[in-house]
Every structure is written in structure tokens, then in C-alpha cells.
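Both complexes below contain chain A, partnered by chain B and then by chain C.
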Partner chain A sequence: MAGAAETRLVNRDSSEANAAAAGAVGLAALLFALSLAALFEVVTISDPIAGIPVVALLGGVLVLLGGAVVSFGVGSYLGVVETRPSASAGLVAAAAFAAVWLAIGGGVAAEVLNVGGVGSAAAAVAVGGVAFVTAAVLREDVGSTLPAGGVSILTGVAYLTGALGPAWVWELNFEQQASLTAEFVIPVSTLACALLTGWAAAKAYGGFGARGRRMGAYLLIYLNAGSIVGVLFLLLAFTAFKGLPGLFTGAALGPGVGPAVFGISLPVSLPFVTNGVALLNEFQGVLPAIAGTIWLVVGAVLFAVPLGVGAAIFLTEYAERGRFTQIVEVATNGLWSTPSIVFGLFGFAFLVPRFGGNKSLISGMLTLGFMLLPLVLITSREAMLAVPDEYRDASAALGVSKWQTIRSVVVPAALPGVVTGVILGVGRIAGETAPILLTMTGGTFVPGGQTADVIGGFQFTSTPPFVANPELLQATTALPFQLYALITAGVGLGDTVSSPEQFQWATAFVLLLIVLSFYAIGIGARYYFRRKLQYE
Partner chain B sequence: MSETTHTTTDGTDSTVGTTTGETDERVREEWRDYSFDAPTKLGVDDLDVYYGDDRALDGVSMEIPEKSVTALIGPSGCGKSTFLRCLNRMNDRVSSARIDGSVTLDGQEIYQDGVNLVELRKRVGMVFQSPNPFPKSIRENVAYGPEKHGDLDTGVLARLLGRSDEERRDELVERCLRDAALWDEVHDRLDDNALGLSGGQQQRLCIARCLSVDPEVILMDEPASALDPIATAKIEDLIAELSEEYTVVIVTHNMQQAARISDQTAVFLTGGELVEYGDTDHVFESPQSERVEDYITGKFG
Partner chain C sequence: MIGSPDIVSSSALARRAERVSSFVDDQESRALVTVGVMVVSLLAALVGFLLVSPLTTLPFAVFIVSAGYGWLRFQGLTARMLTLAMTASTILILLLIVLFILVESIPVLVYESTTVLGVSVPGLRMFIQANWDAVSPPIRYSMVPMIHGTVMVTGIATAVAAPLGVAAALFLSEIAPSTVREVVKPGVEILAGIPSIVYGFIGFTILSPWAADQFRTTGQGSYLFVGIIVGLMALPTVVSVAEDALSSVPESMKSGSLAMGTTDWQTMTSITIPAAFSGVSAAVLLGVGRAIGETMAATVMLRGVPQLTKPLYNAFYGQATLTSLIANNYGEADGLQMDALFAAGVILFFTVLAISVGSQYIEWQMRRKLGGEG
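Moving on, here comes the complex of A and B:
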């Protein structure tokens, strides 16, 4: 209960007013979610809900909210509701209100009243100025509720009267002939109103003053965090929704329907995952791309992690801090921000000719390995710098050599950080298209027979080089490239795959699943190493 | 033990002290004559240490007798920790440090070419100010030194070949933990992470870890400064016990602690000079130098 204006130890809230304010906050949050959903076209604004058009519904709620907020402010000002407001709503709030009202004033003057250029500008400045003065000069309770509630009421009235309806279009008259449609404007303005009124209602709930400001800030932060999680969830749900039908095309469940693994037929058949693309296939699938993606990531990690961790050990433990380490640091940071197509071109010009002149799995692995290297190096270095010097001192004081100390104290303590770096890096490289486009991939559709079988591909000979693996030297495909190829394939796609759109979405969904499962493996590994270091 | 107490300041520079140059000379002469009964374990002669351009130690000379407790006291920044870290060459790890002078262990110079640092630090162990166990199990912490030195092998290969030293390791762990008065508290959870112990237990674990490589000298850098009074009392008892077998050199801020546990006390004052060194009773009851008396009675420092 930290509050500058609070003097009493226990404050007796008038519970009805409090409940009403809490209700207004909840309603605003609901409206926020609804307008976000409308913005992402989860709900369409032209459809009616229970016979009432969505726009009219939104308008009614906005007027209600605005009225509630304004009456809170006025009630507090008149002393009906017990609050502890500050002298003013503050400069930031005033500036924000001024900006909103400036836009409203200008828009209404120009579009509705058809006032000319200078006139509408003057109207905008006048309206914005009034809002600014209201917020900045009047006491906090009215200063923060009147402008917020006003915006909400005005918008609500516009919706209700049909001035802003589903058919509304604002021609911007720019050279590009751009226009803003109601599909975009209505959700966005509803969103803004929900934020403003929600903030004001949260302040009213906290009784204004320091506590009210804190409540307002909480609301904004929670809505922000919530919408980030919401967008992530939406993305996943959307991809799953679109991708699942394609993924389960031809799926069957029952004894013996699936492919044989070690001589035993699996009871599940999922042709999209277990098939390649072939003319005679009943159902087409992306098995070669899945195998390619997994081998790519495994190869890149196997290449980059030992090199990156080794370099980090050298830089933190052996090299003198100075010009040289600075240059290396700048170079690694620069390498990490290098566009991936540059890596791809490097692989194409440098690696491909050295591995038989054809695009090959190993060229792709190494190219992605080069991309991964700087991040592994940076994060490993950070993790090793964070290992306390006390450990090194303690080890040295026992007469243990530097290398032994690094091996048995520094690296184990840094492992969680290293793993974090690898997770981040894998997330990036698993989805890369440009580098593998130039170094690894063959055609748009890859037959199941071309699935990279790296383990089975090893061949041992009695003459040098003793071991060879033609699978590594073959062009194959990976999910991001497959997706890219499918989207750009255009004509002819329908001849090969029965429903191209389902196929594309299913590919995207499988890619997402694979990247997420790499994440899960990484997070599990990090958790394991952390636990080992902590007392649990 | 000798009855002699002695004071030293840099002969050429007596600007700081309250004693005159003449007295300095007299005290220096007396110091030349002193001797402790026990043979000298560590001899330090005219040791200067610089960090960059800053002088941290100024011509320190002293002889530390074996199997006793020697306390180093003095105000913050007087160089006592620096001095301690010179005794097992831990200052080599500070790249800006420059060290002149001589330190001998059993008469052998440790600042010369060809000194085996591994061997030196095995013989001269160290316990640090804040407890710093490794983030490993209690057993692994104690066995760390011998395992890394190759004295114990409990690796996978050794186990497969049936020549694992697990039994010897467990004996060693038990002996060290008993010597560090920690065994009774942890014997049933040796595989727990050492970071789960309390601060005092962690510090005793660090002492056990230090004992595991059979040192002759144990250097302690304010080992109890981060601990509560009860844990401190335990560490102090432990130090008294250890001094029967080991030569203990301890840096402390706490003068009562120095008076309680040490046989000899050396007082360092600002500027990195050793001002007074001798039997603890003498240093505390009848210090030769006024500056030391002022410090001990709390007038400064």
C-alpha cells in the first residue's frame, strides 16, 4: 500500500464503486481481446452476433464503458466516491490524450464537416489543446477520465449511428491509391479505446493517486504481456488449424497398417510423414525434407559446437584481454549479423566445388555450421566469463593445472549457457532457406528414395580413405526449402499433389513442430545441466 | 617461543610513523636477533610487491615457525592478503603484479626458475575469504585435488579394468572431513551438492578440500569473515587443532580473533609495511611501536 497521498493505515473502500470499476476494467480487457481477434480476422466485424451487428455491439459497449469511466471521474470529483487523486494526471498522460484528440478533431473536421485544410488543422489543434489542458490542469480524477471516456463515447456513437460501418472506406488519395478499410480501422480504434478506458478504469479502481497510477500501469503491462502470448498462441493455433488436415491425409490407425520398422508393422500410418513424392504414391509426403532438416541441424551442431566452445575457451581463459580479443569479438558479432544469403553464396562458391561440384548435404551442413558458429562462440564466451573466478582460484590453490580446471570446473559450470546459445542458433538455422537453396537442395519434389540415410550411408573400404559416405554428397531437401519451392512452384503443383494448399500448410506445420521439438530438447538439456550445478 | 618483539619500518622512509628514525634503527637491530623455538617453515626476505605502479608490499621480512598459527592483522588495504598470496605464488595469476624479494619454504627459494607450481601449491594450501566450494557433490569437492593430480583414479576406464580407487577415495574423503570437523554433519549426504551447505559448513568443506592434498602449510584469508559467531567459533577451534600438524598462516580483521587463536602476530600498517612481529601476547600487551599500539587500542585503522 505504498501511496504518497495515503495517510490512513486502513482504507475502507466503498465496495459497490470498487466492484463497478473492476467490472469496467474487465469489460475493457474483454474488448481489447475482441478487437485483437477482429484485427486478426478471427471474428468478422460484419457478421451479426445474436441478431445484433458486431459493430453495433462494439459501439454499445464503448458508450457504456466511456460513460462508466466519465461518471467515475465526476463522482470522485464531487466527492460521491472516496478517492485520493493527485493534483494532475501528469504530462505524459496529457500528451497522449492531446495526440489522440488531435487526430479525432482533425479527422472529424476534414471528413465529416468538410472543413478545408487550414480549418481542419485549426480544429485539430483546438481539440487537442482542450484535451491537453483538461488532463494537465484539472485534478487527476477528472483529468484522466474525461478525455479517455470522451474518446470511447464518441467512437461508440460513430459505430451506433453507422458513421463508421463495415462498408466504410477512407481513400487516402496518395499516389499509391491506398485506402483504409473498416476491417482495419474499426478493430484498431476499438483497441485504442479499450486501452484508454481500461487504463482510466484501472486508475479509478485504485482510487487514483499513487495507487491508481500503479493499477493503471499494471493493466497496460498485463495487456501487453497477454497480447504477446496471445499472438504466439494464435500463430501456433492458426498453423495447426490449417496444417492438420494435410498432415492427416490418408492417415490410418489399426494393426499392421503402418510402415515396417525393424520388421514390425507400426499400428499408425501417417503417409505425409512417411512418404516421399512419387507418381505412383496414393498419398504424397515430405519424408526426405524432414530427414534433411534433422540431419542438417545435427551436422551443423556437430560442426559448430566443438569449434565455438573451443574458441570461447581460448578467448576467455588463455588470450590476454586486449586488442586481439576485441577484434575477435567485433568479428564474431559481425559474422552473427551477416545475412544468411551471404553465407549461402560463400557455401556455393567455396564448399560446393570442394565436395564434388554438386550441391550436397554436407555443404549445407557446413554452411549452416558456419552460421551457427558465431552465436555458439558469443554465448559460450559470456557463459564462461560468468563463471566466478573463485572457482578458478580454488582449483589453482589446490595445484590443479589450468587445463584440468577448465575441463572439470569452468566448462561444466558454463554448460547451461552454452546450451542456451545452441538452442537459439538451432532455432535460426533450422528455418533458413537461402543458404541451403544454394548449397544443398535439389528439385521441388523429392522422391522417398532420395531420403538421406546418413547412418546407413557409411561405406568402409580397405584402401584410403577407408570410409566414405555418398549420402552426404547427395543433394537432398529440407522443410523450409520444400515450403519455398511449393509456394513458388505455381503451375503443375496440382498435378503432383492433390490439394496443394493443404500440402503447403502441413509442411509449414511439420517444420514448426520440428523446430519446437529441437527447442524442447535444448531446454531439457539446459534444465538437466542446471540441476546438476544447483543443490536440489 | 621467543620473548623478543620487533618493529620494522622502511629505514629510508619514516614519514608516516610516530617513532623517530633512531628508534627504528634500534628496533630493527633487535629484530635481527629474534628467534622462535620451532624451526622456520617459511622465510620471507625483503619482499616487495607492485600492482602496476602501486606498491602493495614494502620490504617485508619475517620468519614463520612451523606447526603454529601466525596471524596477520592490519587495516584494510595494508597488503596482508597480498602477502599471504605471495606465499604460494597465487599472485602470479594477477597479470599486473610484480614481485621482488625472496620467499623460502623449508629453506628452498620459491621465486626462482624451475619451481613446480603444482608441487608448491600442494604443499602450501589456501582457504579463501568467502567459501568457494565447486558446484559439485561434497564427495567430488573433497576428492577433486587428488583426482586431478592423478593420485586417485575412479574414472570409467579404471572401473572397467577393475582398478578403481573408490575405496581409497572414500577413506580420504572421510579422513579430510573428519579433520575439518564436518564429517558428522554430512556423512549421510556426501552426494548432495556442496552449495546446499550452510556458509560455515561450506568453509569447513573448503578446509577439508585443502587438506585432501596433504599440505604442510595452510594459508587462510579471513576464513571466518563471512560467517556468523557460532560458525566462526567452530572454524577457530578447527584452526587450533590443525596447528598441531600444519603450519597455519591466517589473515584476519578481527583482533580478538588473532589474540585468541594465534601464537605469533604480525601487524601490517598502511603502505604495505610490516611494522611489528612477534609473540601474540607481546604484540598485544606491550607493542614496541606507537603506531601499532594506536591500531590495537583502536585509535585508528
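Moving on, here comes the complex of A and C:
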């Protein structure tokens, strides 16, 4: 589907006007990047670049860009440039322009002209209305360039004349005081202008009309997809950058430096993940939290996976579509969207009194199991529905019973989908904080000696319920809760760990690493199985 | 004609009963006994668990043994019964959630009742005055400030997640070349995988101080930035559901449009999006549901004071949401205050459940309209 309408026949981009429009798009992109840098204080707006104040520089570029965009529109209107404009820019663009100009009109009237609430509202409506009419009534080439270029020129002039300088502040007269400062307003309005003019220039590049609209829309959509990936990359890179020093505190590499596993010393020592917190420790670590997270995941998987897969088998293979399956579907989707904190409340009211009355590991496991159940059920059901009916028919034709067919045909064929769904679900619950907040967690720092050892904890007793496991009935900690506790503990942290901030970031990084490795495995497994199924 | 639906449903019921009895007749009697023991022991274990009985393990052990025996001797029937029980458990869990959070919130509903026109309405005072005070008399548990906070955060989050999410879904399902899609799609999934506490931590250490400095507010925590972060977290839900809706539009409809000589953007705006409109709005609704239930980022970044912001539209200050109220106060709360937290949970649960059911209804209608298979 993508690119199906692109043909070389309609592409006539060789004129200078097209080159100029492409240049304007590039300039807008540059401006976009510059204003982002200013917003995150990589570039300060008060310092000059090469002797020119940054605000004046931005203003100059904005005026240039706005002028270029307006001249494209007017040139096309006068027939200087050959284009194929539609009758109007369309209602969506008109509404967007109206909103932008409404804000400008209202803001200028209230802040510069001081005309009061009613006056500024009237000015806002008047200015917004003019912009709306311009875009909705005039021909597309003028209708989509004049309002966009106008915003840019106006903003640029405001920067150049110093009406909107680095020291500019707008006190919002709220009861709880807040103000809009130039450090925020200048980058954000530059950003908005870059978007508007970039869009208009892309339309001009496409020669307006159907192709021009496609250009403009694709520019914005590609930008959006790019920024989502960019934000993701930024988040991960930033956390890694901040967390790595803490993670490698006291790390050593060499024969025999690490902790002993089965009598053999590992060649790597990473105190942050192999130590607990203790007074005499040289380096503090989060081992109990990691162990707690692992046990939580194991418990939740043991509870939810058999239940979810079994229910999916019943729904796809045995049950006839009817009232019952519909109710189950609604209930499953309801469970899937139930807020995690509500699961926490439920665990607190339902599970905690039934497992000794204290917060306990098993309550946390089951609470997370309840959360995992709908995810496993939905993905397993999808995987089983995707198994072709021919498989079942072929098996039935051999005289095999229904359950045998399910066991040896349907489930194996659906297994890749089920496994992928389970892994992605586990990644999700491993990072959950809210449900375990109320059901299983204890203090901020946990000594290494309290690392949960569930297997070693089983005991048999002579009184009901005959089986006991104190490890399961104890409050323990987990990585997401540990991070929450580190955030809320605030000042007191410095007494226990030497560099609280490093410790926090390292905890966040380890948590992110564990959760995302589940995701990486899940996504990788999906690709592997899909490719394998395609080759067969 | 009156009463005919009853007749139909009763005859359907009779047919079903007949089918069940003929199914029972087909089975061996020993298999039936085994299944009977399984069902009774499982129900007994459930009742025991609900009554907090230490003897719960006994019927559960009986269930395990009988299920094991049944698995070895009558595998088909046992598997069928076991999977049926597992299916029923999903409904059971939802019912238990409803039951337990409702029961826990009853005392505070009774405490906060007001008389309207001579009739005492339980819980009404939580919504008609805006004072939350759990310490000094008069002790009041108003939900108004938290509902305001949730509405502010959800509104801002939707304004972020809905347009960006739908645009990204359009990109993934219609525009992106396959190599680009292979990069962006897992990226969106990983965005969903970042734990909310990590978002909250970054927001708390980086964004909140920055915002307080930029907007010159007293102290940190603003609905604006919590809303933006929560919007980023709701984004993947919107993208994946909207993408499903967009790609469920039959290819023949799109090809027909393209054959008329339209650009692919024209096809999207005049064919694909209108055809998938209900599915896309279901995606936005589900995103709203996610935003309402988001807890940790709001807990860490907001001030945690149950008050309204002044004026009400002041998004530069952030006090508390329904979710952050629970997470902030569960520690020291007991008695009536804990029940008030459960009341907040009830509001959250039923709001989100209504959104979930509503979006399912919309999706179901769309599937029926497009004639795809359910």
C-alpha cells in the first residue's frame, strides 16, 4: 500500500521554486532542532552566537521563513509558479490556524493592549475568525500559506524588536502563582512556527493540491514517528548514561574476584547486583530486590499461565460462541484495563488477610498473577484462533479424539504465540509498583541476608494447613518498589549509601534492563517464529 | 407477539439442558464420579479460602488427587472440566474484585451520607463538597479534589496521546516502508514496557525541577507535566489498538479508491480513516482508560495534597489524583480513611470498566459493519 500512488510521471520537480521550497523545509527543520535545544537548555537564549543574540537570530530566521512561505503562496496565486491548488485549504487546516491565531490575538490583546477580559476575548475571536475565513474561503495556495507565514513573521518581528526578549515574563494572576517565562515561551513558539511554516513549505514543494497536501501531511507524520523513536532512544540513553556509574561502582574484572557460585569464583565482580545493604559493606547493592522481582515473576507465571492457557483452550476449542464466551471476553478485557492500583487494593483486602494478615511475598505473587492472567488469556486465544482449521480437520480425520487433537496439534502450533505473549506480559508486570505497594513490600534498604529463598523455605507441619513457607509469608522487596522507596525517602539516604543519586539511577537502570530484556526476548522470539513459519 | 423472546430463550435453555444431559449420558459413570469429586472439592476449597479457614488445603488436596486420577484415566473429560474451571475463574476474579472493594468502601459511604429532599443518600457528601481532612474534625473524605486531578491529568494526557498515537498508527499501518516499520513498531512496544516508576523517577528528578524553574511556581509538581508523561505512557495503547483498526479496513476498499487516481493521503482521509473511525475512537478511549489508572508517575511527581488547584484550570500546580491518593496514603491510613481509599478505588474501577466495555462495544460494531470475522 505504501507508495502505491507514487509515479515518476507526475513528478515535475526541477524548477527553482521547488528548490527554494525544499530549502525552506530544511530551514524549518533546522529551526525545529534549534528550538528543541533551547527548550532543554542545551542552547541558552540569552547568550549570543557569533556576536548576534540568539533571540534576534531566531527572529531573523523566522521572518525569512515566513516571508518565503508567503511569497510561495502569493507567487502561486499570481501564476508566477505553476501549481495545482485546490479551492480551499480545508476545514482541518482552517480550524488549526483559527486556534493558533485565537491564542495570539487573545494573548497580545491581554498582555500588550491591556484591554481586559472581555476585550481580549473579543480580539481573540476576531483574529481567529479572520484566520479561519482566510484558510477556509480563499484558494488553497494563499489560504494555507498566509496564516502560517503570518504567524512566523509576527513572531520573528516580536523577537527582533525585543518585544519578546530573554527577560520577558508574563505573570499569570493566578491565586497559586505561576508565570510564563521567555525561556519557555520563546522555544515553544519558535517550535510551533517551525512546524507551521515547514508544513506550508512542504505543501508548496508539492505544488499544493492533492500532492501538496500529501507532502505536508507526510512531513508531519514522519516527524511524529521520528520523535516517538527519538524520545524512546533519549529515555534509554539518558537512564543508561546516569545509571552505569552506579552499577559499576566497585566492579572488578579478573580471575577469582567475583562471588563463589558452586565453589567456583566468578571472574567478574559486580557488587551492586550481588550485595545487599549492610553497615559494613564496602559497596551497597540491590540483590534482595532483584531476587524479590525474580520470585514475584516466577510466582505470577506459575499462577497465571496454566489458568490463562487453559481458559484460552476452553474458549477456542470447546465453548460455542454465545452468551458465556461473550461474558468471559468482556470480563477479560475488563481485567486487562483495570488500574494496577485497584489490583493492589484488591490484594490488600482479599489476599493479605488470607495469608497471615501481613504483607507477604505470596500475596504479591498472586496479585501480579491476577494482572498477568488477562494478558496471557488474550494472547493465547489469539494464537490458537490463528491455527488453521485444516490442522484440526486433518487430525480429526485420522480418528483422533478432540483432546488429543488439542494436545498434539493445536497447542504446539500455537505455542510460539503463547510464549511471546507470556514473555511480553511478564515484562509488563515485572515493572509494576502499584499492586505490590499494598501487598508485599517492606523497608527501603534490605540486607543481603534477607534475600528471599523460597525453595529452601518449605516446611511441613502437623497442624492444618500442613504446609508452611515462612519465606513466602514474609514481606520482601522488589526493584520497582525499591526505586519508589528511594525516591520517597529523600534526604535520609545519604547515611546509608555514599552517593544516593548514583544509587537511585543505578536501581532505575537495572530495573529497566531487566524489564526490557524480557521485551527484547519476546519481540525477538516473535520475529524468529514468524520467519520460521514463513519458510515452512 | 408479547412474551415471544421469553419463549425463545426458554426453549434455548431446554435445548442446552438436553445437550448437557445427553453429554452426561455418554460418559462413563466412574468418570462422572471423578469429575463430581473434582467439582465439589474445588468449590469447597474456594469456600474455605473465602472464609479464611486453615482447612482450605484439605479440599484442595482432594481436588489435586482427583484431578490427577482423572488426568490419568479420563484425560479428555478431565481436561475439558479443568479448562472450564479456568475460564470461570476469570469471571470469578472480576466478581471478587467488585465485591471486595465495594464491601471495604461501605463504611465511608455510610459516613459521608447526606439527606436530599428528606432521603438519605449514602456517599453523596463525597461529591458535593471539596474538603478532605482525615486528621482534624470535622473529618471529611471528599473525592472532588482527586476527581479534579484525575480529570486534569487525563485531559492533558489524551490531548498528547490521541493525535500523536493516531498519527503513529496511520504511519505504521499505511505509510511506513516495511523496513521502517520493523524499527518503529518494536520501539512503540518498548515504550509501553518502560516501567511507570522509571517514567516517574525521570519526571521527578529532571522534569519537575525544570518545570518549577520555568514557570516560577512555588514547589514542584504540576498536572501539566504529569499529564504529558502519562500521555506518553498511554501512547502505545492508542497506537496498537488504532493500528489494528486501520489495518482491518479491507484492502479492496483502499485499492478501489487508489484506482480512481487519488493520492494515498486522499485515500487515507476519505476512505481508511472514516471506515476505521469507530475503531480509532475505541483506541483513544482505551488510552483514556490507561491514563486514568496510571499511578506511579502521578504519585511521585504530584504534591500529594488532596486540594483543588486555584483557579481550577491552573495546570501548573498538581495536587493529587485518585490513584496517587491511594498510593500516598495506604501506609498510615486505617479505619475510615482506608475505606475512603477503597471508595477512590471503586470510582476508578467502575470508570475504567465502563470505558473498557464501551470501547469493546464500539469495536464489535465496527467489525460487524466491515463484515470481517469476529
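Observations, loosely collected:
Convention: the second predicted complex is superposed on the first by the 408 of 536 C-alpha atoms of A that agree within 3 Å, B and C clash if a C-alpha of one lies under 4 Å from a C-alpha of the other, contacts with A are read in each partner's own complex, and residues count from 1 in each chain.
Convention: contacts are C-beta pairs under 8 Å (C-beta built on N, C-alpha and C of every residue); 3 or more make two chains touch, one makes a residue touch a chain.
If you're wondering where the values come from, they're calculated on a predicted model, not measured in any experiment.
In the superposition on chain A, A:113 contacts neither chain B nor chain C. Looking at the shared chain after the overlay, A:184 reaches chain C, while chain B stays out of its contact range. When the two structures are aligned on the shared chain, A:80 is found in touch with neither chain B nor chain C. Within the superposed three-chain model, A:137 lies out of touch with both chain B and chain C [touch as defined at top]. In the superposition on chain A, A:398 makes contact with chain B only, while chain C stays out of contact range. In the superposition on chain A, A:377 makes contact with chain C only, not with chain B. In the superposed model, A:390 makes contact with chain B only, not with chain C. In the overlay built on the shared chain, the residue A:330 is in contact with chain C alone; chain B does not reach it.
In the overlay built on the shared chain, the residue A:519 is in contact with chain C alone; chain B does not reach it.
Put simply, more of the residues of chain A are touched by C, taking chain B and chain C as the two choices. Residues 401, 404 of chain A are contacted both by chain B in one complex and by chain C in the other. For chain A in complex with chain B, the residues that touch the partner chain are 320, 388, 390-391, 393-401, 404, 408-409, 412-413, 532-536. Across the complex, chain C is touched by residues 1-5, 41, 169, 172, 174-181, 183-184, 210-211, 213-214, 217-218, 220-222, 224-225, 228-229, 231-232, 235, 238-239, 306-308, 310-311, 313-315, 318-319, 321, 327-346, 348-350, 353-354, 370, 373-374, 377, 401-404, 406-407, 424, 427-428, 430-434, 437-438, 463-467, 480, 483-484, 487-488, 501, 504, 508, 511-512, 515-516, 518-519, 523 of chain A.
Those residues of chain C that touch chain A in the shared complex are 49, 52, 54-58, 75-76, 79-80, 82-87, 89-91, 93-94, 96-97, 100-101, 103-104, 164, 167-168, 170-172, 174-178, 180, 183-184, 186-198, 200-202, 204-205, 210, 214-218, 232, 235, 251, 254, 258, 262-267, 286, 289-290, 292-296, 299-300, 309-311, 314, 316-317, 323, 326-327, 330, 341-342, 345, 348-349, 352-353, 355-357, 360, 374. On the side of chain B, the complex with chain A involves touching residues 88, 90, 93, 95, 117-122, 125-126, 128, 130, 132-136, 144-145, 148-149, 192-196, 206, 209-210, 212-213.
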